[in-house]
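Should a chain be cited, it is by its letter among A, B, C and D, assigned in written order, with residues numbered from 1 in that chain.
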Amino acid sequence: MDRLLDLFSIVAIVAGGFFFMAGSVGLLRFPDAYTRLHALTKADNLGLALVVIGLLPQMDSVLAALKLVLVWLLVLLSSAAVSQLIARAARRRERTP
Amino acid sequence: MDEFLLSAAAFVLLMVALGLLRVARGPGYADRMMAAQLLGTGGIGALLLVGAAVGEAAVVDVALTLALLAAFTSIAFVKFMAHKDRPPTSEDDA
Amino acid sequence: MTGNIVSLAIVLLLLALAVWAVVARNAFLAIAGFVAYGLLLSLVWVRLHGVDVALTEAAIGGGLTGAMLIGAVSRLRGTEAAARAERSGAGVHVLALLLSLGVAATLALCVLVLPDPAPTLAPQVAQNLAVTGVGNPITGVLLAFRALDTLLEAIVLVIALIGVWSLAPERFWGGRPGLRHQADPDGILAYFARLLPPLGIVFAVYIFWAGADHPGGKFQSATILAAMWTLVLMAGLADTPRIDHRALRFGIVVGPLVFIAIGVLGLFSAGALLAYPPQWAKPMIVVVEVALLPTLTLVLGLLLAGAPARRGGGA
Amino acid sequence: MNVETLYGLGAAALVGIGLYGLIVLAHPLRKIIAFNVMGSGVFVLFGALAKRGAAAGLHADPVPQALLITAIVVAFAASALAVALIVRLIESTDSASLASDPPDGSRD
């Protein structure tokens, strides 16, 4: 059982690492600020989600696991709000040279 | 397992470093403002992985703090942009 | 082995960000680098087994310092270009380089020849912790073994705030700090600033409460509360208070006052300043912590807001 | 090399980088950032020493760690005071020059 859970963790975390990589490559390669913002917030949040899911079986208590999920929810909430704010600020800047 | 978690943390950190290259290169202000967001997600990911490897349960609290406050810095950045766009307001509104 | 690779990656990234924060072309870029640097530092503390320190760093280095510097950079106007013209000559650069290399090399040498075994106070702390009634050794050090440091720190914070306030132009004395933030009341920022603070407050209370036995405590809790307050201010949902408000001033000094009162009480009940009689140690520590919380929250939030900059109507 | 030595050496480099910036940079706000880099180098060095002091079942010596928490908060307060001073300097002189006799180019 432990073996199986460890395997689950490894698969999820590797997948998470892949999305972190995708986010960073997108951040480097995409042509403008909006698409780069898109790469950063979407891919990295998915990466974090997979890392969190992978770590869940490694936690000692239910409370710790719940807090782990809360971390992800908070990051999701704030990056949703912040990415919109950054995109708007960038757009306003384009309009008023 | 711990070895794997630490390697994963190192990998995520490497990806954050890669992303920081973009933040350093710019060209726009928006790209720079992503610094806090990038470390907000990637840094928290690495932190959680290291914490699980070391077996420090309280690291989750550090991650929660970062999650709460990384947004705070980003919002200050956005406010700064808005401030730069507008002509300085009169200081006395009495 | 793998642990060392992670640490090496952290150190290299940290050094790169430090160089960036120093050599960046303009102040805004430097601050972007410094914010990333501050967030990364909390990872350093976790690697050095200082979760309490990591929490403080995450809250202050990752949040408040960055926001304060960004607030300052927006008020620089044209002074940056002028400062560039004032740049020091090549001779100064070479001397500065030599000096910093010398200092860094000396420090590095000291690190390499540190005595073994390392001197430590950990056994003494571990031995005497039970008397204080708290389980977190760092809380024990902060409020029992080195309580004087913590008391003086609280006073230093209040003095720093008085220093900031005293920089207000004469006509604004007693007014409201900082500019009034304007934001769309239905916008995403206002929405976010309504949603996040309740969560932040719950978390701050949790960190405060956890501080007795686990990493956490009043400093971290107060920083989070101050950040949540500032978020509400930045969204334009509330205004900074007038600094001549009585309740505000009471809140600012209540922590040091209660701390001193408890300290003097120790003079009579336990025979030394800031000493606690054994059976009363825990409740007294809790009272001090609770009294320090409003002081720290208000001082940190108001330090972030800056000097009074407008009169502001009403009290 | 053990972890403490690695971070200790990194901390020494941070102090050097910060000190260099503190001397060379002209704008006071940049000096504050450099000073904070230098300060955090000292903190990390202190943290490495605390880690070396692990004993009696504790992972690190709690005394330096408690002082670090105090230090981080005080460093923030000091930076806030410095920033307020700069803002006031700019507002009253329209220049951020620290020279006793500002060059002509500093007024806009």
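Everything that follows uses one rule, which is that contacts are C-beta pairs under 8 Å (C-beta built on N, C-alpha and C of every residue); 3 or more make two chains touch, one makes a residue touch a chain.
Since the structure is predicted, the reported quantities are computational estimates derived from the model, not experimental observations.
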Name the chain whose C-alpha centroid is farthest from the C-alpha centroid of chain C. A
What is the distance, in whole Å, between the centres of chain C and chain D, each centre taken as the mean of its C-alpha atoms? 13
Taking each chain's centre as the mean of its CA atoms, how far is chain B from chain D in angstrom? 20
If you average the CA atoms of chain A and of chain C, how many Å lie between those two points? 27
With centres defined as the mean C-alpha position, give me the chain A-chain D separation in Å. 31
Residues of chain B that touch at least two other chains are 16, 29, 33, 38, 40, 61, 64, 68, 70-71, 75, 77-78
Using the touch definition from the top, which residues of chain C touch two or more other chains? 3, 47, 49, 64, 71, 73, 189, 192, 196, 199
Find every residue in chain A that makes contact with two or more other chains and list them. 74, 78, 81, 85
Which chains touch which? A-B, A-C, B-C, C-D
Which residues of chain C touch chain B once you look at their complex with the stated criterion? 1-3, 5-6, 9-10, 13, 16-17, 20, 28-29, 32-33, 35-36, 39-40, 42-43, 46-47, 49, 51, 54-55, 58-59, 62-64, 66-67, 70-71, 73-74, 171-172, 175, 179-181, 189, 192, 196, 199-200, 203, 207, 210, 214-216, 220, 224, 227-228, 230-231, 234, 309-313
Chain D residues touching chain C - in the complex, by the definition given at the top: 1, 3-21, 23-27, 29-30, 32-34, 36-37, 40-41, 44-45, 47-63, 65-70, 72-74, 76-81, 83-88, 90-91, 94-97, 99, 103, 105-108
How about chain B: which of its residues touch chain A in the complex? 1, 4-5, 8, 11-12, 15-16, 18-19, 21-22, 28-31, 33-34, 37-38, 40-42, 44-45, 48-49, 52, 57, 60-61, 63-64, 67-68, 70-71, 74-75, 77-78, 81-82, 85
Under the touch definition given earlier, write down the residues of chain C that touch chain D in their complex. 3-4, 7-8, 11, 14-15, 18-19, 21-23, 27, 30-31, 34, 37, 41, 44-45, 47-50, 52-53, 56-57, 60-61, 64-65, 68-69, 71-73, 75-80, 82-88, 92-93, 96-97, 99-101, 103-105, 107-108, 110-112, 114, 118-123, 125-127, 137-138, 140-142, 145-146, 149-150, 153, 156-157, 160-161, 163-164, 167, 169, 217, 219, 223, 296, 299-300, 303-304, 306-307
Of chain A, residues touching chain B in the complex: 6, 9-10, 13-14, 16-17, 20-21, 23-25, 27-28, 33, 36-37, 40-41, 44-45, 47-48, 51-52, 55, 58-61, 64, 67-68, 70-71, 74-75, 78-79, 81-83, 85-90, 92-93, 96
